[in-house]
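Each chain gets a letter, A, B, C, D and E, in the order it is written, and its residues are counted from 1.
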Amino acid sequence: MATIDTNIAAGRLISRKRFWSFGVPAMVVVYLAYVAVAFDLGGLAGRARLDNGALLMQDFWSYKIHVTRDNRRDEITSSIEGMRNATFSPEQRPDFVSDTATGTRVELPQGNSVEFGADGLVTLTTPDGSYQVRATRTGVESDIPNPPKNFNISDSRVTAYLPEGARLTVTRARTEVFRRQAGWELFFFDLSSEFYGKSWGELGALAVGPRIQPDQSNIGNMAHDFWTNGIWHHGDVAWAIFETILMAFLGTFAAGLISVPLAFLAASNFTPLAVVRQAVRRIFDLLRGVDALIWTVIMSRAFGPGPLTGSLAILLTDTGTFGKLFSEALENVDEKPIEGLRSTGAGSIARIRWAVIPQVAPVILSQLLYYFESNTRGATVIGAITGGGIGLLLMQAMQTQQDWEHVAYYILLIVLMVMVMDWVSGRLRARLIKG
Amino acid sequence: MTTVPADRIAAAYHAQLSRRRAYSTVLWAVFVALLVAGFDMANSRNAGGFVAGLPKVLDYPAALIGEAWDKIGNLPGHMLRALPALVETLNIAAASTLLGTMGGAVMALLATSGLAPFPRLVPVFRRILDIARAYPEMVIALVLIFVLGGGPVPAVIAIAFHTVGALGKLFSEVAENASMKPVEGLESVGASWLQRMWFGIVPQVAPNWASYAMLRFEINIRASAILGFVGAGGIGYELRNAISWGQGRYDAAAAIFLLLFGTIVFFDQLTSMARNRLVRGQEQGQAGGRI
Amino acid sequence: MRIEAEQITRIFGTATAVDAASFVIDRPMVVGIIGSSGAGKSTLLRMVNRLTDASAGRLMIDGRDVLALKGSDKRAWQADCAMIFQQFNLVPRLDVVSNVLHGLLNKRGLLPTLFNMWSRADIDRACQILDRLGIAEQATKRAEALSGGQQQRVAIARALMQDPKIILADEPIASLDPMNAQIVMDTLRRIHDEDGRTVIANLHTLDTARRYCDRVIGMRKGRIVFDGMPDQLTTGVARDIYGAGADFSEATTSTAIEPPAAADRAYADRLLAD
Amino acid sequence: MRIEAEQITRIFGTATAVDAASFVIDRPMVVGIIGSSGAGKSTLLRMVNRLTDASAGRLMIDGRDVLALKGSDKRAWQADCAMIFQQFNLVPRLDVVSNVLHGLLNKRGLLPTLFNMWSRADIDRACQILDRLGIAEQATKRAEALSGGQQQRVAIARALMQDPKIILADEPIASLDPMNAQIVMDTLRRIHDEDGRTVIANLHTLDTARRYCDRVIGMRKGRIVFDGMPDQLTTGVARDIYGAGADFSEATTSTAIEPPAAADRAYADRLLAD
Amino acid sequence: QDIKEFRIGVLGGENAQERMTNNECLAKHTQETLGVPVRIFTPADYDGVIQGLLGGTLDAAILGASGYAKAYLTDPESVEPVLVKTNLDGASDYFSVGFARKDSGIASMDDLKGKVLGFGDPNSTSGYLIPAVEMPKKGYSMEPGAFFKEIKFTGGHEQTIVAVNNGDIDAGVTWADGLGNWEDGYNSGALRKAVDAGIVDMNDMVEIWRSEPIPEGPLVVRKALPADVKAKFTDMMANLIKTDKDCTYGVAGGETAGFTPVKHDNYQSIIEARKLEEQRGS
């Protein structure tokens, strides 16, 4: 009877499906387990420096003011992030630094304070008690019998880690206090600007008020100071972003122009000659297989650092990619319209123009725009290697590990840039392909 | 016979044609102008000019290949030594593609209107995907290297994160085009959301999803090689060390490069074959349905 | 089982798709719902199955208002109330048996179903149902490889797998050629006759309603304008339901196969057999 | 114009698609070619248009062998000999007028056509032709947005734009529903009647051939097995052409619309009109 | 012949912005001296600058000693050293310093047996070349597995310090001027920058190795430049400390006594070392 056969066949079918629905997830799990072992995931948990992460997070949104005493010269300076070009002049001195009868006092959050006394003496006052440390010619003397956990003491250096990221360090050469403040100080105006330290209200008033410099309006002056900010370099950053987009633009679209004709040579329905086709295809493979990064290295000998080198690298890789994509699109074109035109006696160029191009144009255009967006991201990486654009700024800021707020700023800009490009390319795609 | 006379239509068409011609002429002109101006600017901001550099394009490859050729006997040894690094790179790519595909699939279903279990949150999930896609892998990798230390794990996380974004969007586009009929059919028998997705959507989208995931694997091999360049281990690291030392180690550079290139081309061909089969298999299935 | 619809209403934006529909079905029978396009037939059926939420009204099934159910109660009701669609709504890439087994999704646990852990008994039952509908041979084929009539029978098999109290069918034969339409309607009728299940079917042709139904409900612009025996459905009544003028001729909507010729009959039997 | 086919033959690998076909058409007429699938109808037509090269034989048009033409001569012949396809073979993404203007690609210079520089006169003519075929309203739409029957009429318009001596049509109505099929065949007939052009059409239904053609050629397995008046086409002859047995009934292949009812006629006219 | 513009490459160690800012004044002075536009380039790694010099797309740069050796060995006709930065004490050298975490129990090179040693950039003198040549002479072989378990490149001085601090590698080498005190990370060098940035606490670190003094890298100019351009530029740089002290600070990366002439022969030993390392590598 049919049912019995059916039952057996159906039973087999279901058990086969059951085997796969267990087998595939099991294989994935086994593989991931192998990778976890191979990558020493267990050891990583021990090595992970979450305090580094915390530091980074903190630095993303805050900055440090360093108050430093050169113990040899007995000279106290305050600066932002210890930068030479962000050192406060005496009249700009932060208000948590004050003179006392015996020295200079630095107020820190949560009731802590540090006082620089005479002869290298430093007094740290915390809600739990007061500690004294003295920097001498030969080392650091401290008399702290049971140092709390937040102290790191040797006879050449004493560090105390205080709440809210504050810190005190004493060595024989220098005594240094960090105080962390929220925000990106100097983001708008650096210390050399007349507009530094002014509130929004004051700036607003100044904008319409009488000119500070007779030859320039105050708004122009502000814009200029902002643009040439010596710490955040807004002008240069804007250029870098532009350069990154430029690299992506040139590379992508030039590659598109080059690869369209080449794609015809690689499509079996347009180039019957297998030798030519295979040769062109292998060239595409080579261009694509060598990553843009390697092309950058190769190109930089001939063209040196700069955006042109980056765009050439993108151009080379993308020619390979587009060549492959476009030739596939060409191989998939519907032959019917072509035959229709052939039957009217149209020549080959007319056939390509009127029966092939209208079919592949949407594919080509949407791929170009899609890659334009994705190359903007790629150009960030390439720029980091060949020296250009926002990628270089980011990479360097990260490697020197000093300016995490700049890193945060660059990351923000990059993500915004890519999202804008994504949006623009999406809009253009929708518009151009519809019309 | 007609309500609008033919010559009126002809006139309207003629006007439309001229407008279209003018429009596309302008578009092309703007495009070419942008390209030329852009090239000019890039050229002037580069250390070396395009024209001056062109004759020297082959200098570097020539030096590299020349040395590699002289020491051709060393190449197999170098390749053998780089093999573990290559395996690491491939593992990074595979693990991150797997994780990214799984994450992308879930995110895609959450971000597809019509399928999402929480329709109000669809825009939120879409934005999350946008952001995940916008982060260059390098940025995440560098930050993670700082926190987790160098090695493959930061690379896996970085690439997987980006893959979630990239695949999530593509997956959701595929899922949007999936027929809702099976889902409705399953809903009518009282199936829960997970069951509806698993039996109604996944079988429909599986070939396309798999095809995109494979394409992504191919891309991720390159990405993981690149991340090696900035310190995330694998073959990119070996390549960078050999290349940046320069003359004297070009044989090693060439060997590693050949290994990497071979691998990329191999997987490229493999996945494009597999993808062709997947997509063609699907078409055959549909044709079968029509007969 | 007693089905009691009280003032069921559905409003889409400003349009009232179903307007205070009330009826009582007090014993198992085959009910046909007719009406022109947009009359609200689909919406009514979808509200009964809870695919669409009602704006107002109650649907009392054995004394319980199923329109008020939520979450798993609602899904349990859906499992009791099978639905058959014009476009079959099968999973095209899956095989026929799996599609039929989907009728159990609500009754078996989540994990077993996700991993295809169907019991032997369930598979056997699915095959028996397929056999009963004459498509056992197709059991391991993909649903999309089947003809429309076969797919609709798979959908009916899925419905039967649910072991439902009611079977709702939304224009089950609208996508089918006359031959397959007849097979599907015969099948639905047989399910009522043999199992004693209630069948409510939206139909777009009068002659089908006359031939297969025990009772016909006519809808127009969301309201129920006719409820009676098939033989009360005169051309005059039909004109009212379809809002048509004097030139209304049934022929334009008819898809009936003329008094089954011997050859057609044989062909249908052959189709039913394999 | 005199068309003289002499022993035209086409061999694909080992299979002979068209086997020494000879016929003479000595005055403009509508010729139907019938035959079962694979009989070689399409191949014959494609050889005439030079889309497929002949393996042997000659096709003398006014004393010149067009099968021997090469390069631009060949293209000039193609321009004189328009072809209409079953699948329309239009460029789907382009607008209707552009598709019609493509009929001039051979007659206008390469550069102007590449850049879309059509003269006002050409556009006027294209629109007149569209008007004549009743689809002027669709002129600026994309071809893909049109119904099948409309698309086929665009294809005919492109053919007319070529101002051809002969129109070849390869199963022009096979993809169309009966209503559109009738419109298209009426159009082709009208073109012959009004312009006096020769039309050669492959047809897959006998009744269409009978109704529209002045002469019918029957092919079987590559050979011409019938050549005569439509009324000579008896069921016996048809059986020979189709190689069918005694159970052959025309009805199974017929798509004719039964003796045009007044309503259908009116509907067709309305369709033709807009 | 004439030049149309003059391009200066600046090596890493500071972020690209700082490098640009610090060298802006140099561009200005050079422009005044040579009368042609001057541009500054800041590639990401050592190799970027060296490739630029080799390819003729950069005209001058301050290289590391090893970087100069690389340029010389690749193409002896590419660049010539003209000046070198001189420290306040008149010397022109610095050190490569090996260091480890104090709590790792490593106090000397011998403790590193079977451990992981980290280098910076392969083109770095102190971060790779010198230790790679000097350590084996003391019996610490560079063959992976022989003495050290593994040798890793971190990519740069900063990464080395972070990697040691994180425990990714057991010990690393970096550069320091050797002046001042260990607890400050010396007066200048990569350690000092890391300390100032708050990345490491020198109390947690120990010094385990120190190289012989390493000659400061030279300011090189491209050999193919016209003689008068080379002369004018060299002259300008030699006098920079007198004409613009602040600028010298930025260009030299700290307090110095300015630039003094230097000859190719000064780097002979480094070149030999690099050659040696090259042979070992292949």
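We take it that contacts are C-beta pairs under 8 Å (C-beta built on N, C-alpha and C of every residue); 3 or more make two chains touch, one makes a residue touch a chain.
Here the structure is a predicted model, which means the values were calculated and not measured.
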Reaching chain C from chain A through chains that touch each other, fewest steps: 1
Set of chains adjacent to chain D and to chain E: A, B
Equivalent-chain rotation between chain D and chain C, CA atoms, steps of 5 degrees: 175
From chain D, the most remote chain by mean C-alpha position: E
Winner on C-beta contact pairs when A-E is weighed against A-B: A-B
Chain nearest the overall Cα centroid: B
Whole-Å gap separating chain B and chain E, where each centre is the average of the chain's CA atoms: 38
Distance between chain centroids, defined by C-alpha means - chain B, chain C (Å): 46
Inter-chain centre distance, chain A versus chain D - centres from mean C-alpha coordinates, in Å: 63
Separation of chain C from chain E, taking each centre as the mean of its C-alpha atoms, in whole Å: 82
Of all residues in chain A, the ones touching two or more other chains: 47, 49, 52, 297, 301-306, 384-385, 395, 401
Per-residue overlap in chain B, given as positions that touch at least 2 other chains: 46-48, 53, 56, 59-60, 146, 149, 151, 230, 243
Residue numbers of chain D (touch at least two other chains): none
Every chain pair in contact, whichever chains are involved: A-B, A-C, A-D, A-E, B-C, B-D, B-E
Residue ranges of chain B in contact with chain A within the complex: 31, 34-35, 38-39, 41-43, 45-50, 53-54, 56-57, 59-61, 88, 91, 94-95, 98-99, 130-131, 133-139, 142-143, 146-149, 151-153, 156, 222, 225-226, 229-230, 239, 243, 257, 261, 264-265, 268
Partner chain A, residues of chain D touching it in the complex: 49, 51, 72, 74-80, 82-83, 85, 87-94, 98, 102-103, 105-106, 110, 113-114, 155, 158, 162
Residues on chain E engaged by chain A in the complex (per definition of touch): 7, 9, 12-17, 20-21, 41-45, 47-48, 51-52, 54-55, 57-58, 155-156, 158-159, 162, 166-168, 180-184, 193-194, 196-199, 201-204
Partner chain E, residues of chain B touching it in the complex: 46-48, 52-53, 56, 59-60, 63, 71, 74, 146, 149-151, 230-231, 237, 240-241, 243-249, 251-252
Chain A residues touching chain B - in the complex, by the definition given at the top: 28, 31-32, 35, 38-41, 44, 47-50, 52-53, 56, 243, 246-247, 249-250, 253-254, 285, 288-291, 293-294, 297-299, 301-309, 311, 377-378, 380-381, 384-385, 388, 391, 394-395, 398, 401, 407, 411, 414-416, 418-419, 422
